[in-house]
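Both complexes shown next keep subunit A, but they swap its partner, so subunit B is in the first and subunit C is in the second.
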Partner chain A sequence: MERNRNNERLDKTILRTSTNYLLPLLILFSIFLLIRGHYLPGGGFVGGLVASIAFVLHSFAYSPTQTVKMFSIKPFFVIPTGLMLCFLSGMLPTLLGYPFMSGVWFADNVVAIGAFGSALIFDVGVYMVVIGVVLTILFTISENT
Partner chain B sequence: MLLPIIVTFLLAFLMLLLKPQKILRLFKFVCVVPLLLFLYLITYLPAVYQGTKSILFKNEWIPSLGISLDFKIDGLSMLFGLMITGIGTLIYLYAAEYLKRDENIHRFYCYLTLFMGAMLGVVLSDNLITLFIFWELTSISSFFLIGYNTDQEASRKSALWALSLTGLGGFLMLAAFALIGIVAGTYSLNELLAYPDVLLNNEYYYIIIFLLFAGAFTKSAQFPFHFWLPGAMKAPTPVSAYLHSATMVKAGIYILARFSPILGGDTVWNDTLMIVGGITMVMGAVLSVFHKDMKGLLAYSTISALGIIVFLIGIGTETALYAACTFILVHALYKATLFLITGIVDHATHTRDLSVLRGLRKVMPVIAIAGFIAALSSAGIPFTFGFLSKELIYGVSTDGIWTQESIFVLTGIALLTNIFLTSSGFLAGIRPFFGKLPKEFEKIKKPNFYLWFPPVLLSALTLLFGIVPSIVDQSILKSATISVLGTSTQMYLSLWHGFNLVLLLSAITIVLGILLYFAIKPSSRNESRLKGLDDFSPQTILTSIALGIRWFAFRYTRFFHNGYLRVYIMFIVIFFTGIVGYKLFADVPLRVNTEDLSAFRIYEFTVFVITIIAIYFITSTTSRLTSIAALGVIGYSICLIFVFYGAPDLAMTQFAIDTLTVVLFVLVLFKLPPFLKFTNKKIQFRDGVISVCFGILISLITLQALVSPSEKDVSKFYADNAYVLAKGKNVVNVILVDFRGFDTMIETIVLSIAAVGVYSILKYKTQDGEKSE
Partner chain C sequence: MTTNFILAPILMHMITAIVLLFFWQKVLIQKIISIVGNSIAFLLCLRLFEMTLSQGYLTLQLGGWQAPFGITFISDTLSAIMVLLTALVSLAVGIYSTASLNVSRIKYGYFFIFHFLIMGLLGAFLTGDIFNMYVWFEVVIISSFILLTVGGKKMQMEGAIKYVTMNMLASVIFLTAIAVLYGITGTLNIADIANKITLVENKGLVTVTSLLFFVGFGIKSAVFPLYFWLPSAYHTPPSAIAAIFGGLLTKMGIYAMLRVFTVIFQPDYFTLTLFSIIAVLTLITGALGTINKRSIRRILSYLIICHIGYLIAGLGLNTELAFVAVVFYLIHDVIVKSNVFMISGVIVKMRETVDITRLGSLLKDYPKFSFVVALVLFSLVGIPPLSGFWPKILLFQESFKQENYILLAGLIVASFVTLFVIVRIWSEAFWKISPKPITEEIDHFAPFSLSGKIALIAPIVGLAAVSLIIGLNANSFIKLSEKAAYEMKRPEIYINNVLGSKE
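Now for the complex of A and B:
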């Protein structure tokens, strides 16, 4: 263990360098998954997982504290934001006189997204909740180790 | 009627906002709340005056379950409602002065107001379920009031006893209510009163009444559940005066009286009430005179008085019920007075010891007069209200429905109880004020208005009702009796019945009671003699039962919750295998249809071999990292299988999840001590058997699932409508975010709760560690 720590910097050079390129790519990929979910395999849940993996990779290469620093908010607070989005997307139709959580569509052919509606907002909420949950759990555990 | 009760509850919580340090005076005005309620109830008095009709306030709540917030005012509700709010007003006034140095007085008023609202709810509810809710609220709020002095262990313990006993009783009573609802098909008291025979002739009748008795007896401190009441005297005196003499303990009486026209009439009902009430009234009265603590004495005489009322309801004749209703009011008036006086004496002298307190009439003459009147009323001396009720109680035995022997028995125990109650009333209301004033009490200041006014007003009413009974008997007592009896009554209170047996009995009671008063000297010796009885008391028995339960719970928890994750998993797997396996073999014809299975393809075979190798590594390795990596391999193999069978969504999710799981394991791994070998051959064999059974079971279930025809309609609907209704081509995702979006939303909430759980558990531990450092 001792020797490993001494060599930490050296060991991680490759990992860090590759992470610098991989992180934005993975995040982009997760957003891609999120948006295409309505038509092709993907969706908020998988997208959120992929994004969390990206951040976990970053925290491995550097340290959890530095990963948290990248956010301006703690991952813990991403959870309520996501939940709120889910809930609001459900409430949205009630403003228009439909029952709670019925699908509402605003535009049919948005570039790259396709149909834009309450379902997408809901998916974004799920995406955020998943990121928040995974990162909160992982970072809390790693802080304790 | 709904509005005043809701407002009462809201006001209770608003009390918490009052800062005691700044606006202490304000609490003297809080008594406006019960006063307004009192006046509000008074306005309905003319309507129920004749006793024949009741006013119903309908409010729907959960109509599908038959639960409503209906309220009903009839004579009985009115009697209790007026007592609760009327005596409540005086208690509010009194407590503002009594607790003025208490920094938590705002909490006290919150609890007290909650209690008052709940109590009003109990006596006014028409729906049994609503009644039960309010009933429980009285138990809960009284828990806080009894345990108000949170720094005293005795006080906390008594609060817990009171809550456990009344809570247990309430639970059984809920069962009674549920049975009534099933049998009669309604929870409405009003409808039950209309068709009483439905319950009387039912096979569940005896179960219902005994469950109901359990609730009423625990609340009203009947033998053998009486012991929580003396313990509850640890509460501040205004609470004892309000809850434990005038109102809460009478809730059980209210239930019995309320159900008397519905469930009464059977000999079991009458006999049980007479026996339990009889035992309670004699026991309470006899025990009361041996106490030297004023509150202890009053507690036992209250138990006795409650016993008398239960006894009278048990007799159930017209005279008996009239006597019961009258005695409820008589007792509330004189007992509240005695409690309030005790509080004043305690406040001034800092002792409630009857062997020390003497001659206080010189320093607090007004209080002495109030105590004197209350004592006379409890003894039943003419021209006090107590005289009238005592005449009625003796009148019951001369009703003419009894055999010669039972008259003797009834009169005998009534006489015995009244003699002892007379002297205990004298001990509490007269003894502290007469005799020679000890030197240390000479400099006591006179109590101020807020303290002396409530008991004096109550004793004045005792006197007034005693001299002019027509004020109360026609207006309220008669209509209350009618609601208990179910039919109209011609009874009335009168001061003079002529020279007859009843008068003679009253005279004997008073003479013997006074003799007993002079014979008994309150001393520590008497109290210590009572302590000897404790070994046989119900409290000791119940305590040992409670300890037994705790012992069992401890053992049970140790066995199942021993802190080893591997044992937890083993229990879960065994239990699952057992229960699902039983269901599978017992209920389903086991068929394995091999014809529909497709043949092994080469890449499936490869994945299968990889999985087997990974499993071998997991079970045989001594390195944690190896086993985790192997676990990851299994996860990815399953991903591949998903891919082969055309489920890319599942495969992606599984892939991501597996990656994260391995990461999580690795993170935790660093914390664990080095790999140790705990197992021996025996354990390995056991675990092997368990896992093989579990594996076989899961495989069988999977094969079985293939055989049974699956419902294709649902999946066809989703596939057909995903694009039409939800504009999505990925059916899985459309189901997740649209068709079953509600489920997904709940699942996100579950996930968040898990994260909060992990966060709080681990953070809590770190903070703990920091403290210890």
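Now for the complex of A and C:
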């Protein structure tokens, strides 16, 4: 038993060190996936999954309670915020007189992002919903065990 | 006319659900938001209904993609009627749920899921795209599964699993039918399919596809050989949930059938005969199922099946007058069925049971409530001049005119059995002297605050009043149903409104 516990601690050292570097990288990568999604493989859903994997990794390396501490709000409330963004991105074109969910775009490209429009807002909403759902499931399970 | 307004009811329920999610576990605020959202959505549906009647078909090409390629939303008279009924029942059940459900259910997101369910129903009624309709059906199934299982006891789980298994099977068949249809026509837009399906040479394949749709929708609306999931699922959940299920969920399948078999497929002699046979069997088996049951909830579940038979019968007769009867019957049935399930919930609160042998003295203890219940029960039977009478008499007349005497016999037998069962409920539960003394422990109704009592009784009285209005003002409702039936018999109007008329 004693040896096992030692082993575990050793394992965690490697995992924790690498997590500290991987977490920001994974989140950056998820944002990259999110933004390129409109024309290339990627998008809000995949991006959200990658971002939540980063947090799942963190909760493995440390503990779910410490992962929750990184959030100033409960991950649960990310879900309605994301849904609201999706909803508003659909409503935006109706204010301009187009049918619901039409794609409206800014005339000028934004630096580093490219064309910016309502579709991207929708994708950000999906991204947030995915993160919120995955983290809520994860933390609910870890609370119960 | 193209307008974004057609989506307003759907979006209203969506935004209500999202706002509810921000107030997770805050029971009082959730109740208020839900009632406000439901009320606004009801007004929007009323406006949509009025616009559809005054301005004709409303359409919207979602995202600005033109008709055969994008997703179409269309509101004709039938859709508008269904949307208005959904909004009315949702408002009534929403108010009723605030008092009838226990706090733990509301904490675990009852209202949130409830609004998503209504959103799915409204979407299914308004969409003009067959695949999009499938998606709305899925939204409804997932929401209803959660509603069935939330706070689940063992019996509830058992019912829920049967429900979900059968509905998943139905969805698979529905999806297969869509796939075949897409294979032979190459499009998913209902109006466009209707145009292209006439050019298909393999008529046998078209008939098979139409029957696949019939089986898929038939499972969802509980027609003859495929109804057994319904009685085992519908008597388990709380009455508020059963009210929305009993009133609207099976009717969604009927609506889909009406849409598919008027616009896309023109049923041939074989299909119509099949509809008539299934209608008779549904009527008879549903009616027989009620006779030996003692729980009011179970009796009502079998009555749902029995009365689905009337709607299928109208589809089998397939004349304009029969469609008038079907639309009128839909209006009557949605309101009354939701109402009787809510009533059964109030009876549980009063007596702790819905077993008619153990009930009694309700008339003596609650005379005013019993009067309202009598009104509802007798409109369910169709005693003139209450609302169930008119569509039934139209159906009798039409099946007599078509010389479909077996169907006529089935309709009449089902009516008599319904009468027998309702009279039995009335005499056992309301007239009879209660077999055991009523103590304070049994009566969960008296401790409710005044606002709680109002929230329980007002929706029942409201829907009963609507039933009464339908019965007494039948002429204008027949006119409305005639308009819907006129449009159903002329799919080219629908097609032209979606695709633009071809000159």
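Throughout what follows, the second predicted complex is superposed on the first by the 133 of 145 C-alpha atoms of A that agree within 3 Å, B and C clash if a C-alpha of one lies under 4 Å from a C-alpha of the other, contacts with A are read in each partner's own complex, and residues count from 1 in each chain.
Just so we're on the same page, a contact is a pair of C-beta atoms (placed from the backbone, for glycine too) under 8 Å apart; a residue touches a chain by one contact, two chains touch by 3 or more.
Here the structure is a predicted model, which means the values were calculated and not measured.
Asks: Would you sort A:I35 into first (subunit B), second (subunit C), both or neither based on which partner it touches?
Replies: neither
Asks: Mind working out whether A:T94 is in touch with subunit B, subunit C, both or neither, as first, second, both or neither?
Replies: Once the two structures are laid over each other on A, A:T94 reaches subunit C alone.
Asks: Between subunit B and subunit C, which one contacts more residues of subunit A in the superposed model?
Replies: Answer, by number of touched residues of subunit A: B.
Asks: For A:W105, using the defined touch cut-off, is the partner it touches subunit B, subunit C, both, or neither? Pick first, second, both or neither.
Replies: first
Asks: With both complexes overlaid on chain A, does A:V129 touch subunit B (first), subunit C (second), both or neither?
Replies: First partner only.
Asks: Using the superposition on chain A described above, determine whether A:G43 touches subunit B (first), subunit C (second), both, or neither.
Replies: In the superposition, A:G43 contacts subunit B only.
Asks: Taking the superposition as given, does A:A54 touch the first partner, subunit B, the second, subunit C, both, or neither?
Replies: Touch partners of A:A54: none, neither subunit B nor subunit C.
Asks: State whether A:F76 touches subunit B only (first), subunit C only (second), both chains, or neither.
Replies: Once the two structures are laid over each other on A, A:F76 reaches both partners.
Asks: For A:L138, is the partner it touches subunit B (first), subunit C (second), both, or none of the two (neither)?
Replies: A:L138: touches subunit B, not subunit C.
Asks: Mind working out whether A:A115 is in touch with subunit B, subunit C, both or neither, as first, second, both or neither?
Replies: A:A115 sits against subunit B, while subunit C stays out of touch.
Asks: For subunit A, which residues lie in the overlap of the subunit B contacts and the subunit C contacts?
Replies: Comparing the two interfaces on subunit A, one with subunit B and one with subunit C, the shared residues are 76, 79-80, 83, 87, 90, 101, 103.
Asks: What does subunit B use to touch subunit A in their complex?
Replies: 648-649, 652-653, 656-657, 659-660, 663-664, 667-668, 670-671, 725-730, 732-734, 736-738, 741-742, 744-745, 748-749, 751-752, 754-756, 758-759, 762-763, 765-766
Asks: Help me check something: in the complex, which residues belonging to subunit A touch subunit B?
Replies: Against subunit B, subunit A makes touches at 33, 37-46, 49-50, 52-53, 56, 60, 76, 79-80, 82-83, 86-87, 90, 101, 103, 105, 108, 114-115, 117, 119, 122-123, 125-126, 129-130, 132-134, 136-138, 140-145.
Asks: Which part of subunit C faces subunit A closely enough to touch in the complex?
Replies: Its residues touching subunit A are 2, 4, 7, 11, 14-15, 18-19, 21-22, 24, 60-64.
Asks: In their shared complex, at which residues does subunit A touch subunit C?
Replies: Per the stated touch rule, the residues are 76-77, 79-80, 83-84, 87, 90-91, 93-94, 98-103.
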